[in-house]
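Encoded as structure tokens, the structure appears first; notes follow it.
In order of appearance the chains are A, B and C, and numbering begins at 1 in each one.
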Amino acid sequence: MARNSSHTAGLRVQLPLLCLLFQAAIVILFSFFVRYNHETDSSLWHQSNHSIMDNDFYFRYPSFQDVHTMIFIGFGFLMTFLQRYGFSSIGFNFLLSAFSLQWSTLVQGFLHSFHEGKIYIGVESMINADFCTGAVLISFGAVLGKTSPVQLLLMSLLEVTLFGINEFILLNLLGVKDAGGSMTIHTFGAYFGLVLSRVLYRSQLDKSKHREGSVYHSDLFAMIGTIFLWIFWPSFNSAITHTGDGQHRTALNTYYSLGASTLSTFALSALLNREGKLDMVHIQNAALAGGVVVGTSAEMMITPFGALVAGFLAGTISTLGYKFLMPILESKFKVQDTCGVHNLHGMPGVLGALLGALVAALATHQTYGEGLEKIFPLVAKGHRSATSQAVYQLLGLFVTLVLASLGGGIGGLLLKLPCLSSPPDSQCYEDQIYWEVPLEHEDEVQGHLRSEDTETQA
Amino acid sequence: MARNSSHTAGLRVQLPLLCLLFQAAIVILFSFFVRYNHETDSSLWHQSNHSIMDNDFYFRYPSFQDVHTMIFIGFGFLMTFLQRYGFSSIGFNFLLSAFSLQWSTLVQGFLHSFHEGKIYIGVESMINADFCTGAVLISFGAVLGKTSPVQLLLMSLLEVTLFGINEFILLNLLGVKDAGGSMTIHTFGAYFGLVLSRVLYRSQLDKSKHREGSVYHSDLFAMIGTIFLWIFWPSFNSAITHTGDGQHRTALNTYYSLGASTLSTFALSALLNREGKLDMVHIQNAALAGGVVVGTSAEMMITPFGALVAGFLAGTISTLGYKFLMPILESKFKVQDTCGVHNLHGMPGVLGALLGALVAALATHQTYGEGLEKIFPLVAKGHRSATSQAVYQLLGLFVTLVLASLGGGIGGLLLKLPCLSSPPDSQCYEDQIYWEVPLEHEDEVQGHLRSEDTETQA
Amino acid sequence: MARNSSHTAGLRVQLPLLCLLFQAAIVILFSFFVRYNHETDSSLWHQSNHSIMDNDFYFRYPSFQDVHTMIFIGFGFLMTFLQRYGFSSIGFNFLLSAFSLQWSTLVQGFLHSFHEGKIYIGVESMINADFCTGAVLISFGAVLGKTSPVQLLLMSLLEVTLFGINEFILLNLLGVKDAGGSMTIHTFGAYFGLVLSRVLYRSQLDKSKHREGSVYHSDLFAMIGTIFLWIFWPSFNSAITHTGDGQHRTALNTYYSLGASTLSTFALSALLNREGKLDMVHIQNAALAGGVVVGTSAEMMITPFGALVAGFLAGTISTLGYKFLMPILESKFKVQDTCGVHNLHGMPGVLGALLGALVAALATHQTYGEGLEKIFPLVAKGHRSATSQAVYQLLGLFVTLVLASLGGGIGGLLLKLPCLSSPPDSQCYEDQIYWEVPLEHEDEVQGHLRSEDTETQA
């Protein structure tokens, strides 16, 4: 009880303090550094004689809104599958995203678009901020239900920063292509979260086992997330590819890859069940792997056939991962991966990076024509051979894995600081410790609590 | 029990087999026949000197995303109204759509855009693939809860093929106009499904009567589907109309037609209830009839006034259909129409086709100006009179009804093949035979099962 | 019982009558007055030699679809938080919106775009019709659960009319800027609804107290509404701002303002709770205040820093309002504000109007460059000083408050007409009196009803 009230005190003090502190810092940094770019600023835009169509807004904003929907509705509802953690899933998703998109504007701005002491922002930086937020939410999926909002905000602070650095190394220093983020978003977010979850390993987590599953309607809420992620993934991968054939081809490839991953997921899910029944966990997650796996290559000339094959493989390995690898990850490697992000983002992300390297190695002037300069500018200009581009792509994957693992490790140690309380083993996956929950539900929980060991963990 | 385990074996073998077989066949066919079109291919696009705005992507993709949302969220959630069939509704909707959009790319490609041995694809073919998927989902609505996923996949295989043929006859051979698919999508999908349902008639279906209704929250989930269909229908009807005034006018007409059908649905629903209470079935479905009824004519000069009148009539007949016609269809005609697709898609689709013919008959150079060539090219070029165009429109309706009925009949016989098991009469509208269902729900069902006749139907 | 059956009769007669009457009147008025504008009419559009990109459809329609989603999904689901009022929340939201958008087309048309006896419509008028609908739905939020659909339709009839007049005075007569509607939509809708709720004050409302709260899943449904409002608010504020930098800047400012209001809402919500727990009411509502507060100023050069500060303040005062002001409003001022629209739309709307005046006062040629003519045309042309523009902005706020209060008062008297029955005090927030409710739920309610005073109120 004493510990419980310190937990309460921690919540009441630390969460508001962190929110206000972070927001205040961001406000101050914005006032010094952040400015409208030439397409957003009234004075700058009207200095030259444009057609309205020169404003990138009209080529990017519809994609941005789809990405925005994926981040807040897609990821948010996907995680509401837990029977008693819906408020936290959608609520913390909301909080982390609202923070990360602001913080990421600064981090990415300092690294990518810092000119004469100022960061210039517009629709493309908004998309990039949302992308970075996506990586944070993937990591959130790995530790869902076992961390406090204070811990999660600190995780976001660190992860957004490292995401920016990793992205800078890949895109700016190594000249790697990764428009849909197989590496920068999915691989990075997944392994950051998995290593973090490893450091935070709880041997007594089965005390909350009865709450780890879903109920009927929570699975339907989760399907809202799944389907919105699925339908808008073509926009995600194409949001910052080059205009014209680039966005067009990227959207089309992603569309077909997702179709194929959905069929292979249904096939595998029924095949692996002893009664031939489908498993909602697979459908909610593995069917999306087709979007992840073409994150790097969808803007390239992978052909519609290639997109289908990639999606098919991704759905297959993802479903196999949920069935066979996930239990091993927990029992042997002590990684408790609540949402199975290793299966949805980790393995398909790595596969997507490898596929990107392969497709880069096959790039020729003949296949891409004059468009080669848009997709592989260094190859087009003769600074690199296609093979060498492929090697850089692999190097990008390696850097991502190293930085994500390091980051997750540091993050885990940070989150174990004694001043930060996390939910006790017996109260994981439980909204009630962070939210005012309507009575009907609270009653039910109280019943459970009486019959439980209510020991508290620092 | 013996039969039950054969049912299980069927599921475990047939569903994966069919998914893998279909996907493999599609992959092979794509590798031989499907190529990026000139707006999607890097080399082709950069051969000529374009403005980015020449790429159709920017005129179609926002509409495509709305259509995509309607197919996967709209249709999917609309069917979750059943109390114990939410997983199947949203899940099979997902599976059938992911298959149909791929298969339809091939069928429509062979029929509409087969040049020198190749099918060329881009955003317009993606929209058309989604449109065809819409027809499949309408038919799915008629047999919802009474068919296995294996049966449904076979139905989709057949229906997509016939849809392509019907569409080819109407648009290419007869020169019929039907941009929003009153005939090709709604009438075709509805009567295909209704005849199919007739062939699969179950005299003992009342054994599952207690599961045929909704529960409070399942009706709210269904409203997610309803509202997304309603708000994005203007994009559906305008997605492939001609750019400029065509898309603009089509969206506007649909917007007002839907407004009017909503008001007439609320009016009729309260009027027809002895206590003046509203019925969720009407609101969820009949309010949408305004979108169906202007599917053919929304791109024409029906005037805003005409759009309102059309929508008003559609909402009225659809609600009357739910109240009076549906019971008769089951008792007299042995058509068990789970979602009432006859009321939402069948009658309003036919009405929409007739309206299209009427508006075509009234077309003049004066009303359309130079735009006549876009809407009625054969009339503009003097190859046809307006009256003759109207006759062709009616002929298109006739062909659609014949092909849909034939197709539904053949489909029904196919689905009755002895090797295909369908859910037993006592287990219709029940997720548990196809899905791992969370315990809380399963318990409840087991209780019911104990007190039921559990005879199995081949 | 006698009264109850008169209530039933009222429903069965009045609701259909009103729907049919309103729809018939609208159809007739449309036939006389409403025409396609030059971008929607086939003949007019093809008279001149355009590029397709001259059609405003491509600059406005994606924004329109986002606004449309906010109106029907956003507002609709936001109000489903009540445990037994989900059908009414989403259903009446649907009905009122479908009516208001038609009626508003006429009212706004007569006032804003009446040329030679005709109203010309297109995508911009559709957006404006949806905007007006937004104001009606805000007022609906104040009286949610305590009014019949007949009363609500009459309220909409009046409010749409007054909304049009107020908007005409502000935009056309006073030259006030308010693109995102801090004044015309949020302030107007909120104070209209609050005064209306004051006139309809029920001293015995605690008889329905047990139904006023949420249940676990109803709060999740409400979050669908919250998040869709949140993600698409940048489109709402930018939907009718000028093309190019205007839409771009408005969307960007709103994006950051919402981020900041979300962080301040989480901070305040935890801080104000004695156990440090978060309150779903705050998260669902106050987090959105950042969109309201920049409604007037988001198109101006408020800088990203300014957007953050505005959002931060709005989230703060909104959360404080829910915690401290709302109980006082009810106990002292007899305003029963079901959804707390005073906190989400009222105060942040007024704050947004003041902010708009402040930013207008600071406008200079230097900051806006040639763009000044787009944002403050009267200032750019020298007809007004910036200070004088600010005074007009304040005058606009004053007019809005007066007209909204007058309108709400008249509306309240209208809704108290003896021929209009409203739900009895003991049956507020209850779907069952207006809807056929699935049995499971009805049973539960019947239980409650037996133990209740079932007196009926005229």
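Keep this in mind: contacts are C-beta pairs under 8 Å (C-beta built on N, C-alpha and C of every residue); 3 or more make two chains touch, one makes a residue touch a chain.
Keep in mind the model is a prediction, meaning the values are calculated, not measured.
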Set of chains adjacent to chain B and to chain C: A
Residue-number overlap at the chain A/chain C interface, same or different (half cut): different
Distance between chain centroids, defined by C-alpha means - chain A, chain C (Å): 33
Multi-chain contact residues (two or more partners), chain A: 53, 58, 62, 217, 224
Residue ranges of chain A in contact with chain C within the complex: 8-13, 15-16, 19-20, 22-23, 26-27, 30-31, 34-36, 39-47, 50, 52-53, 55, 57-58, 61-62, 65, 68-69, 72-73, 76-77, 80, 86-87, 90-91, 94-95, 98-99, 101-102, 105, 121-123, 126, 149, 217, 221, 224, 433-441
Chain C-touching residues of chain B, taken from the complex the two chains share: 53, 58-59, 62, 66, 83, 213-220, 223-224, 227-228, 230-232, 234-235, 243-249, 251-252, 255-256, 258-260, 262-264, 266-268, 270-271, 273-280, 283, 287, 301, 303-305, 308-309, 312, 366-372, 374-375
